[in-house]
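I've put the structures underneath this note.
The same subunit A turns up in both complexes below, where it pairs with subunit B and then with subunit C.
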Partner chain A sequence: MVAQLLPHAVLIAFSAAILLPLLWLLRVALTDKTTAYKIPPEWGQASIGNFVEIFTGYPFFNYFINSVTVAIGATVIALPLAAAIAYAFARYNTGGMSLRLVVLSSQMLPPVILVLPLFTLFLKAQLLNSLVGLIAAHLTISLPFLAWLLVAFFDRNIALVEEAARVDGATRLQTFLRITLPVAAPGILAAGLLSFILSWNEFLFALILSGPQTNTLPVGLSSFQTHRGVDISLLSAATICAILPVFVLLPFMRRYLIKGLSLGALK
Partner chain B sequence: MAEIGLRNLTKVYGQDVTAVDSIDLDVRDGEFMVLLGPSGCGKSTTLRMIAGLEAVTSGEIMIDGDVVNDVDPAERDLAVVFQNYALYPHMSVAGNLSFGLKLRKLPRDEIDRRIAATADMLGIGDLLKRRPRQLSGGQQQRVALGRALVRDPAAFLFDEPLSNLDAKLRAAMRTELIKLHRMLGKTIVHVTHDQVEAMTMGERICIMRDGRIVQVGPPLEVYRNPADTFVAGFLASPPMNLLDARLGGETGLDEVELPPVGLPLLARHKEALQGRAGGAITLGIRPEDLDVEPSAAQHAAMTVTVVAVEALGPEVILVGALPGGQEVSARLESDFAAPAGSEVQLHVDLERLHFFDTDTGRAVTAS
Partner chain C sequence: MLLSPATGGNLTLTQRDRRFGYLLTAPGLAVLLVVITFPLFFTVFTSFYDYTLLTPNHDTFIGGENYQEAADEEYLPGSLWVTVKFVLASVVIEFIIGFIVALSLNATDRFKTVYYLILLAPLLINPVVVGLLWRMLLHSELGIVNYAIGLVGIRPVSWLGDPTIAFWTVVLTDIWHQVSFMAILLLAGLAALPREPYEAARMDGASPLRCFFYITLPLMRPVIFVALLLRMIFAIKTFDIVFIMTKGGPGTATDIISYFIYRAAFFGLDIGRASAMAVGLLIIIIVLTALLYRYMRSLN
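Up next, the complex of A and B:
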């Protein structure tokens, strides 16, 4: 009896610890400004007034569009480039281990080190306060990360299938396009989703390199903290809208990542 | 149709791993050539160089007289069946078969016709819509073979395609490959480390060891006249008995001494052993050339102590110890029985004795 209940009790406790902040967020988002701060908490009347207000009273929709544009833009550019880099690493050992480490080491720098040089560069190139600039900035994060991640997907198993295609009469390019990419597709898709989420959540570059018209969601969210204090119920509503797309994408990512890593190609 | 020639072919991996060491080989047009050797001897590497999947370190590969070292694998018009099949996992069986044909821009109806014919020949007609992972190992093997056949290439390269199959299926596929070869008449280079496969399938076998070719020839010839102790020990199961012996007798060349017995030498052997009187020699006796009854025309007897008797069904393998302690295996009729520790007389067919230089291991033959 105890042996059965105990694991459940532990799991419930952990789940609650993980989910409670999110549920709390949802509750706050659905209450009005005054009840939100009451201690002990009151439940009040649930309403979607906060959600309406962030879209009508604030440029929240604009933030949303900016975030979508930047995240999709960065992913669409990073993915094929990263796939090509990873393929060169995996098949031709381009640059040897040292080049791989250089690529990886760019990931070890705290982003704040990159942001100042980028600011100066963008100032000269007049890319500040533009979505194009922000996409470029996000590529400095996602490109090396994805390249590193994708190397693992172009593994020995796919290499064997590629060899079969080569003797079957395919050129290197045909092999890459018609064998490697489709076979590695689950992994590449997972990497794409990861890149999207990375971009979507990125705050520092967006804060420093974007302007009022090009603010993304994370920067927009921070603007709910004003000098008059934090409008917690509006902020909660906005946060919920901001994490919603990630929530929708997560199950897919999990599926593709697992599929990508196990591949089942030759088993 | 293709002849494949290897000239001084060498492959060095990295700085110092010499996988293939300056080999020469000519595979005739339409020949079934088997590359046989223990694991790691360079068979796959040789095959992959022929296919163009591995860069050649030095030497030449010729197909129909043309050096193809720098020809792209796609242009060599060879088909490979890999040990793990390497089917395209994202395509149906039909897609796997048609991939190479589509790349060659064959007309649709020709592709369909060829797929149907190949599927029919291999009995995979019902599987055409399935994905590779929905197939059993044996079915995958057939599809991999089909993918090679459907292209009608100049030659086939097989890298242990039967090694992942169970014993029964392997035997069936062996027969089928032999039939296929007879029907198509195409050049085949077949890699294996299974000596039964080599003996039954090859028109000629090429035995490799440590990246070098030890012996090339028709299976029976190699079996009867192994070039050295390695081939003698490798080619059959149980392998040839290799015994440390000494030449002796009055002239030092009358008999081969395996104390306490001395087996008389035939004139033919004396000629071959000229100049080795009284010296050490490695004596080779095939297990089937030993018998409990004096069946051969010229024979001699020796006594062994029974160590073990392994009943294989149609025959029995007797493992016995000579008085000197060396062990010999004999292949006997299935009705043979003897308790361990008992003494048995074995008769040696003197015609079938083999002699090898004890130091080099090379066969001693009259030149």
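Up next, the complex of A and C:
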């Protein structure tokens, strides 16, 4: 009996430790400004006024659009390039294990190492404060990540279909474009969502390389001040907006999440 | 095909396969060369020049002077020590909690999906949000945590004001954010363990504790190494929560290396010297990554 209950006790405590802070964040976001600061806490009428205000009174809509643009831009550019690399790795073993590991290595780099040269190079190329530059910077994360992740999607099952197509006279390229990609599409799109989230959550590149017009959501959040200082109910509403899209996307990519997060170190 | 049939006509099948593979990888690898490899070499290049934001050019070659200056930097040893402490503390505690959670999840069937989804949640949350969230919860006068511990008679804690406590606050915030990563990796390892040794051990009347130490731990060793190393490499990258919660302070209590280099570059304005430090950090990462790959090969 104890042996059966103990795991649940551990997991309930652990889940509470994760959920309670998030629920409190939601509670503050739904509370009006003065009540939010009351200690001991008071429970006023819930309202979505804070959510309206951050989009109407502050440039959060702008941040939001910038974040979406950069995340989609980097993912859309990286996805086909990465799919091609991954397919060559999986089917033709191009470059062998060594090349695969070199590609993976870029995931280990602390971003501060890359942001220094990107800053100086962008300064020369006048790419600072531009969304194009930020998208290029995010490619350093999304392209190797996707290339490594997608190798697993071109497994033996698809290879059998490919062989049939080849016997019927399709070229290698035709087989890849017409047979392999459509079959692997759901997995590739899920991986794309994960890469979108990596971009969405990225902070240091955006902090250094973007300007007032091109700030992304995390940068906007980090410097959020009202004329009366930090307002926690507004800030909470803004942070909820920053994490909401991620949770909306979660169900679509759950199956690929483990592999993605562990960088394929484990299957 | 992609090349003209005239040149491709005499190639064997394997050669054509190989050529197709190169053609597929070429565009992506070219992009990676431009956005990663070239900038990395550019950092090494810049580290030998007197490149500051006041004189942003490569006019003055100064050899190893930036490296000398970085080595003489008064606060660099302190920052390295903070980084080592931070990485060890967070990874070790995450490992212990993560292992307990993974073992619990591995032993349950009911509600497993629910627990699992909750477990995944923090990993997807923006680190800036995590920092802001905990800064709000731990505010010394207005935070709910100090109010809650006050209810059971504990005096308010200055979570981010006292150097020692602030360091542990950042560690705990990182644990909240990243412990699930460890749990997921270890759970994947546990799920792949063979069942036979456990059945044999039960026949012999071994206790669950003995099973854990004599069967689970030894079998899990490669997975544990990979999980620890991977998490260590990622912990060295930590920047966001320090930027949000403490800005390296109070004093230099949470001045981890990424933040230190960031400050040298963008507050000290000395990109050359910051680049020299970045090259040093790069070497450390390369060594750890090489170690990781050795264990990953033994795993597959």
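Simple rule for what comes next: the second predicted complex is superposed on the first by the 234 of 267 C-alpha atoms of A that agree within 3 Å, B and C clash if a C-alpha of one lies under 4 Å from a C-alpha of the other, contacts with A are read in each partner's own complex, and residues count from 1 in each chain.
Note that in this section a contact is a pair of C-beta atoms (placed from the backbone, for glycine too) under 8 Å apart; a residue touches a chain by one contact, two chains touch by 3 or more.
Because the structure is a prediction, the values reported are computed rather than measured.
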{"item": "Partner chain(s) touched by A:79 [first = subunit B, second = subunit C, both, neither]", "value": "neither"}
{"item": "Partner chain in contact with A:170 - subunit B first, subunit C second, else both or neither", "value": "first"}
{"item": "Which partner reaches more residues of subunit A (counting touched residues only), subunit B or subunit C", "value": "C"}
{"item": "Touched partner set for A:71, first subunit B, second subunit C, both or neither", "value": "neither"}
{"item": "Subunit B versus subunit C as contact partner of A:179, first or second or both or neither", "value": "first"}
{"item": "Partner chain(s) touched by A:24 [first = subunit B, second = subunit C, both, neither]", "value": "second"}
{"item": "Contacts of A:161 with subunit B and subunit C, given as first, second, both or neither", "value": "first"}
{"item": "Partner chain(s) touched by A:87 [first = subunit B, second = subunit C, both, neither]", "value": "second"}
{"item": "Contact residues common to both interfaces of subunit A (with subunit B and with subunit C)", "value": "171, 263, 265-267"}
{"item": "Touching residues (chain side subunit A, partner subunit C) in the complex", "value": "3, 6-8, 10-11, 14-15, 17-19, 21-22, 24-25, 28, 37, 39-41, 81-82, 84-85, 87-89, 91-95, 97, 99, 101, 103, 105-106, 108-121, 123, 136-137, 139-140, 143-144, 147, 171-173, 176, 197, 200-201, 203-204, 207-208, 217-218, 221-222, 232, 235-236, 239, 242-243, 246-247, 250, 254, 257-258, 261-263, 265-267"}
{"item": "Contact footprint of subunit B on subunit A as seen in their complex", "value": "160-161, 163-171, 174, 178-179, 182-183, 185, 263-267"}
{"item": "Of subunit C, residues touching subunit A in the complex", "value": "1-2, 16-18, 20-22, 24-25, 27-29, 31-32, 35-36, 39-40, 42-43, 46, 51, 56, 97, 100-101, 103-105, 107-108, 110-111, 114-115, 117-129, 132-134, 136-137, 141-142, 144, 147, 176, 180-181, 184-185, 188-189, 208, 223, 226-227, 230, 233, 236-237, 239-240, 243-244, 257-258, 261-262, 265-266, 271, 274-275, 278, 281-282, 285-286, 288-289, 292-293, 296-297, 299"}
{"item": "Complex contacts: residues of subunit B adjacent to subunit A", "value": "51-53, 72-74, 76, 78-80, 82, 84-90, 99-100, 103-104, 133, 147, 151"}
